[in-house]
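Some structures to go through are shown next.
You will see two complexes here that share chain A, one where it goes with chain B and one where it goes with chain C.
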Partner chain A sequence: MAQSRIGMAPASRGARKGLRLAAREERMAWLLLLPSVLLLLTVALFPLGRVFYSSFTDARFAAAGSQEVNFVGMRNYRELLSFTLRELPYQVDADGVRRYDHPRLFLRRLDTSMSYDEVVTFDLFGTRYVLGAVRPEFVRSVIDTVIFTVVTVSLETILGMIVALALAAKFFGRNAMRTAMLVPWAIITVVSARIWEWMFRSNRSGFFNSLLDRLGWGDGNTGFLTEPALQLPSIIAIDVWKTTPFMALLLLAGLSVIPKELYEAAEVDGASPIRRFFTITLPLVSPTLAVALVFRTLDALRVFDLFQVVFGERRFSMASFAQYTLVANRDVGLSSAASVVIFLIIFIFAIIYIRALKVDSGD
Partner chain B sequence: MKRWFFAAALVLGGAAVAQQDVTITWMGGSNAPAQQFAAASAQRYMDANPHTINGTEYNVTIEFVAGPESTTDRLSLYLQYFEAQSPEVDLMNIDVIWPGDLAAHLVDLYQYEGFEEAVEAHFPAIVENNTVDGELVGIPLFTDAGLLYYRSDLLEEYGYDGPPSTWDELEEMARTIQEGEREGGNQDFWGFVWQGNAYEGLTCDALEWVASHGGGTIISPDGVITINNERAIAAIERAAGWVGSISPEGVTGFLEEDARGVWQAGNAAFMRNWPYAYVPGQDEASPIRGKFGVAPLPAGEGGSPAATLGGWQLAVNAYSDNPAVAADVALHLTSYEEQVRRAIEVSNLPTIEAVYEDPELLNSEVAWFADLLPVFQNAVARPSTVTAPQYGETSRIFFTAVHDVLTGQEDAGTALAILELDLMELHPDFEVGTPE
Partner chain C sequence: MTRKQRRIIGQIGFYLLIGVIFVYLMFPFYWATISALKTENELIRTPATYFPIDLTLQNFMAVLSNERFLRGILNSLIVASTATVLSLLVGSFAGFSLGKMRFRGRSPSLYAILAMTMFPQVAVLAGLYAVIRILSMPSLVSLVLSYLVFTLPFTIWVLTAFFKGLPSSLLQAAQVDGATFMQTFWQVLLPLTAPALVTTGLLAFINAWNEYLFALTFTATDPDAQTVPVAIANLSGRVARQEPVGEIMAAALIVTVPLVVLVLVFQQRIVAGLTAGAVKG
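The block that comes next holds the complex of A and B.
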C-alpha cells in the first residue's frame, strides 16, 4: 500500500507537472496562432459578415454617398426566392382547341405585390402550369450551374480515369505524354474560352461548323453558343477539355502508390483486367478520387470565368449572375443576397458530399 | 524625393518661378493604333510645358494606361475605382452611354476656364449627352454612328444605281445579290450582316430599326416609355424576318467583329457597322479593297434614316488630386488640331463640326467623313441619361426582348408588351405613351 503510494506519488506529481506543461504549451500554441486567427477573421469572416449584412440593405455599388443606405429586411431574399405555381387559363375556340394565355403576360397581370416572370411552363394531367419567379435569371443560373457541375464532373472523372490508367502504363514517351496532357489545364481559362468561342463560331469560319459541313451534317450555320439548347452542351465540352487533365493528374498520383505486387498476385490468380480494375484499382484509388471529386465539384459550382467570357449577359452561372447584379446592375443588396444563397448552396453541397464520400472519416 | 531635388535645383539655379511637377494618369483604349495615337497626342501636350493653369505654372507628365478592351470590363474597373474613391486615374475615356451613370464621380468641367467656349464647337447632341443636371461631366473625344457599308462592285453588277435608301430596297437588293452570288458558287454569301448578339450592340442596332420606322427611342428624353407601339413592332418584326433569309442564322450571336469578318472576306453585300470598319476594309490585304462604299442607314415606312450615337469622351475623376490640370489636358486632347490628326491617323470621327471642312481632312483618305456629316449630326442617342443610374438594366431588358424576337422565341407584339411592363416596373416614375 505504502509502497504503492510512494510509487504513485512521483507519477501523479509527474502527471500534474505534465498537465501544467500541456496547459502552458496550449497557451503558447494559442498565442502563436493568434495572428493567423486574427488574419483569418479580418480577411475571411469580416468580408463574409459584410456581405451578409449588406444583403439586408438597398446599398448601391459606387453610389458616391449620393444615396443613403436603408435596411430593407428580407426584401432581397424574397426577390430571389419567391416562386408562384399557377394553372394557366385558357379559352376553347370554335374548333374545340384550347387557346392558352401567354404565360409571361399572364404572370405579369397577376394581382400580387411581386412581379413574376416565367421560369418554365409544363403540362401535367391535362392541365398546363406555369412556374414563375421574380428573378427567373437567378433560378435559371442555379439550375444551369448544377447541371453544368454534375455533367462536367462526371465526364471529367471518367475521362480522367481513362487517361490516368493509360499514362500509368509504361510505354515509350510516357513522360512527354504526361507533360503534353497538361497543356489544356495550363492555358488560362479566359484564353481557352476565347479559343473555343472561335471554334464554335456560327458559320463555316468556325471549326465545328466547317467540320460538320464537311461531314455533310447541318447547314454550316449552327449557332452552338446562341441556340439555347446547345449552349450548355457547348460550355460543358469546353470545361471537360480544360479540366480532364487536372483530374487525370490527381488520379495518376493515386494510382502510382498502389503496390505492383497486388496486380502481379491477381494476375497469377487469373483475374481479368476488368476484375483487377474493380477489385484493386478502384478501392485503392478511391480516397484520392473522393478528394478530387470534392475539389472539382466545389470548383464547378463556383464557375465564373468560362460563363463570363463565352456568354457574357446571355446566360449566367450563379457566380456570373452575382457579378452582373453587383457591377452592371449596381445592386449591392441583391448581389449580396445572391452570394449568401450561393454560399449556402455550395456549403450544403459540400457537407452532403463529404459525408457521402466519407472524406472526413479519418481513415 | 526627386521632386524636392528638382525644386532645390530650380531654386539654386536661380529660376524666377518654381514650377509644380504633376503627373496625370490617363486611362484609354487598348488597341495598338489608339495607344500610339494617345502617346503622340500626350507628347504634344508635354512638349508645350510648362502650362499656366489657374495662375500656377505646371510641368505636366502624362502617363497613358491602356484600359480593358471590353467596354463592359472597363466600366466595372471604373466603378471599382469610384467605389474605393481612388485617385489612381485622373483622366478617363468614358463611353457615350456612361455620363448619366457616372456623373456623381466626375468633375463638372464648366468650373474650369475654356470649356464653355470649347463645347460650342462640338455637336450639340453630344454635348447634351455629356451634360447632367447642367454640369459638363465629359468633353467629346470622338464620336461614332451606325453606317451602312455596301459593295459598290456588286450593286453595279446587279444593275443598281446606288445604295438603298429604304429597308424595303435593302431587302430586295440583298436578296437578289445573295441569290445571284450563291448561284455563282459562293454558298457562304449573305445579303446583310449586322450585330444581333444579346449585348449593348443589339440595343444600338435595334434602336436604329425602331427610330428609322418612326417608332421612337425606347424611352423619350423626358421620361416617357414609348417602345410599345405599332411602328416599333413592325421594325423589330422586319429584322426578325432577315434572320435565316438575307442574314445568317448565326447573326443572333454576332458582335461588330463577327459581322466585319463575314463582310471583309467578301461574303456579304451589306453590313451595318461603326466607322472603324472602313480603314481595315481598305487595307492592302483586304479582298474588298476599293470595292465598297459607305452610306447612311436606310429608312423605314413613315420614318427617316437613323444612326445610333456612339463615341467616347474624356472625363476627370472627382477623386483626382489634380483635377484642374487633368481638365487642361482634356482640353488639349479634344482640341481642333488633335481631332484633325485623330480623324486622319486613326479614323475616329471628329466631334467638332468645323473639322469636317478642314482642308487637311478633305485631302486625306477619310474625306468621305464630310459627306456623312448629316448622319453624325442627327445620330440618335440611347436613353442613357434619362434612365441613369439604371441604364445598364434598361438596355439589357430591351436587348433581351429584341433577341427573343430575333431567335423566334417571342413575337414582337408580345415581347414589346412585356418589355413595356418591365420598363414601368424598373422606372416607376415614368409615364407610358407614344413617340412624339
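The block that comes next holds the complex of A and C.
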C-alpha cells in the first residue's frame, strides 16, 4: 500500500485512486492532530518562547503590569552562572596550626567586578578551596539537584532491582506484596513529604529520633531537616521510598519476559545465582533498565515538590529556585534565565536518550 | 549442612527479605495512620509511642470541617478530571492519527511528543503565567489548561502505542465497507481502546491530582482555587507556630486512601499502562 503511493506513476485508475486516498488520509491525519498541536502550542511552545525572550530582559511582576521592560542581554545568565574557585589563603600560627581566612570576607575582598558570595568551602589534597558565586543559591541548587539525582537514581535502581528480583519469585503472599508496592507510589508527593517531615521531627516525638534514642545512637534531638549536612540525605531517603516501587515495577515487567528455560539451563550447568544474575538477568533486563534510568533521571532533575514542602526557602532544587525567584521575588527575568538553563540541561539529556534508544520512527 | 537444611535457611532468608521490604514500603503509611489517630498530647509526647494509647477521631473531624481543605478536594476533583477528559478526547484523535495513519511528518511529530513527555514544567512557568494573564482566565481554568502540558503528551504517547497495537485489518475492513475515517474511529477503534482509555485516564488523573508546581504558583493570589496538594502543604494551626500534625496526617490519609483504593482496583492495568508509557521503546 505504501509503495503504490510513492513509487508508481499514476498510470492506472487504481493507482490514481490510491493517490487520492493517500492525500485524503494525510489531510485527515493532520486534521486529527490539529487540536493537540494547537493546545500544545498554547501551553508549551508559546510560553517557552516567552520565557526564552524574557530571560534577556529585566522584566518583573509589577502590580499594575505596566512597567517598562528593558533588554539586558546576557546579564541574567551572567548573574546566575558566574562562579569562581579559589584557594583559601591561611597563616600558620605559633602552634603550627593553619588559620584560614574567613571564606566570605575573602571573597568580598577579591579584586573583581563581580561580588561573589560563598557557595561551599571544602578541603582537597590538603588545600582548602572556596567556591564563590554571584548567586550562591542557584549554584548550590544545581549542585544539590545533581547530587540528589545521582544518589536517588542509583539507590532506587539497586533497591528496585532487589525488590523486583524478590517479587519475581513465586511465593506465598506475592500478590499482596505487589499491591503493597503501589502504595508509596499512589501517595501524592506533597503528602509523603509531610509524612516524612513528621517522622524526621527533631526531637524524640519524631520516629527516627525516638528509634535512634532507643538504640542508643544520637542524642534524640537530631535535626534531620535543619542540619545542613543531613538535609540532602534526608530528602534523598524520602524520594527513594517514594519511587523505588516505580523502578521495581518497571524492572519486574522487564524480568517477566526473560524465558525461564535460560535459568533452568544455567542451573543444570551449575552456574551460581550470582553468575546467573550477571550473565542472564542483567543483559536481558538492561533495555528496560536503561529506559527506567533515564526517566527517573529526568524526573529527579526537575524535582520541585519535595524541596519546596520540606525546605521552603532554606534550601533549593533547581526548579524550586526558579519558582521562588518568580513568585516571591517577582523577578521574571532572572527566573526565566534559570528556567532556560534547567530546560537546556534536561533537553540535552532527553535528546541523547531518544537517540540512544532509537524510538520507533514509524516503520 | 545438608542440602535440605540449606534450602530451609534460604527460604527463611527469603521471607525475611520480603518482610523487610514490606515493612519499608508500608511503615510511613502506618506512622501517618497512628499519628492521625493520636490525641494532641500524645503527639508531642517523647519518646513517640509506636501504638496509639488514646484513640481519637478528633483530627479527622477537624480536617473534615476545615473549609479550605474541603474546597481543595473539590477543586482538585474538578481540575484533575477536566484535564483528564480533555486530554483523552484530544489525545485519542492524535493517538489514532499517529498510531494508525501514514503521513509525512509523522515521525517528527512522534519525536516532538516524546520530547514533551520529558518537558520540565518549570521551564514554562513564567510564560504560562503570562499567557494566563493575557487571556485573563479564572484560576481553575488556568490550572486545567496548564495541566495539559504534561497530561496531553503522556496521553498521546500511550494511546499511540495502543492504537498501533490494534490490527490494521479492522481498519481496512471498515474502509472496504465504505465507512469514513470518523466512523471507523468512533465505531470500531474507540470501543476497542476503551481499556486503554481507562488506564491512561487514571494515570493522567493521578498525575494531575499530584501536581504542585503550577497549583502553588497560579493560586498564590487566589486561595479559593487551591488544590489538595497546596491545601495540605499550607495546612497550619489556628495557634501560631503550632503545627496541627494530627490534622495534617488525617488530611494525608483522607486524600490518599481513595487513591490507593483506586490504584488497587485497577492495579493490573496501571502496571500495564506505566510500562507501556515508560518502556515502550
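Definition applied: the second predicted complex is superposed on the first by the 268 of 363 C-alpha atoms of A that agree within 3 Å, B and C clash if a C-alpha of one lies under 4 Å from a C-alpha of the other, contacts with A are read in each partner's own complex, and residues count from 1 in each chain.
The rule is simple: a contact is a pair of C-beta atoms (placed from the backbone, for glycine too) under 8 Å apart; a residue touches a chain by one contact, two chains touch by 3 or more.
Note that this is a predicted model, so its numbers are computed, not measured.
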| item | value |
| --- | --- |
| First, second, both or neither for A:S202, with chain B first and chain C second | first |
| Touched partner set for A:V327, first chain B, second chain C, both or neither | both |
| Touched chain A residues, chain B compared with chain C | C |
| Touching partner for A:R275 - first (chain B), second (chain C), both, neither | neither |
| Touching partner for A:R99 - first (chain B), second (chain C), both, neither | neither |
| Partner chain in contact with A:R20 - chain B first, chain C second, else both or neither | neither |
| Chain B versus chain C as contact partner of A:G223, first or second or both or neither | first |
| Partner chain in contact with A:P287 - chain B first, chain C second, else both or neither | second |
| Touching both chain B and chain C, residues of chain A | 203-205, 220, 327 |
| Touch list for chain B against partner chain A, complex | 72, 75-76, 79-80, 82-83, 85, 104-105, 187-188, 197-199, 248-250, 252-254, 258, 261-262, 265, 318, 389, 392-393, 396, 403, 407, 414, 417-418, 421, 425 |
| In the complex, chain A residues that touch chain B | 60-64, 66, 102, 104-105, 108, 115, 201-205, 220-223, 225-228, 312-314, 327-330 |
| Of chain A, residues touching chain C in the complex | 2, 22, 25-26, 28-30, 32-33, 35-36, 39-40, 42-44, 46-51, 54, 65, 162-163, 166, 169, 171, 173, 177-196, 198-199, 203-207, 209-210, 213-214, 220, 241, 245-246, 249-250, 253-254, 287-288, 291-292, 295, 298, 301-302, 304-305, 308-309, 318-319, 322-323, 326-327, 332, 335-336, 339-340, 342-343, 346-347, 349-351, 353-354, 357-362 |
| Residue ranges of chain C in contact with chain A within the complex | 14-15, 17-18, 21-22, 24-26, 28-29, 31-32, 35, 43-48, 90-91, 93-94, 96-98, 101-107, 109-111, 114-116, 118-131, 133, 145-146, 148-149, 152-153, 156, 181, 206, 209-210, 212-213, 216-217, 220, 228-230, 232-233, 245, 248-249, 252, 255-256, 259-260, 262-264, 267, 270-271, 274-275, 278-279, 281 |
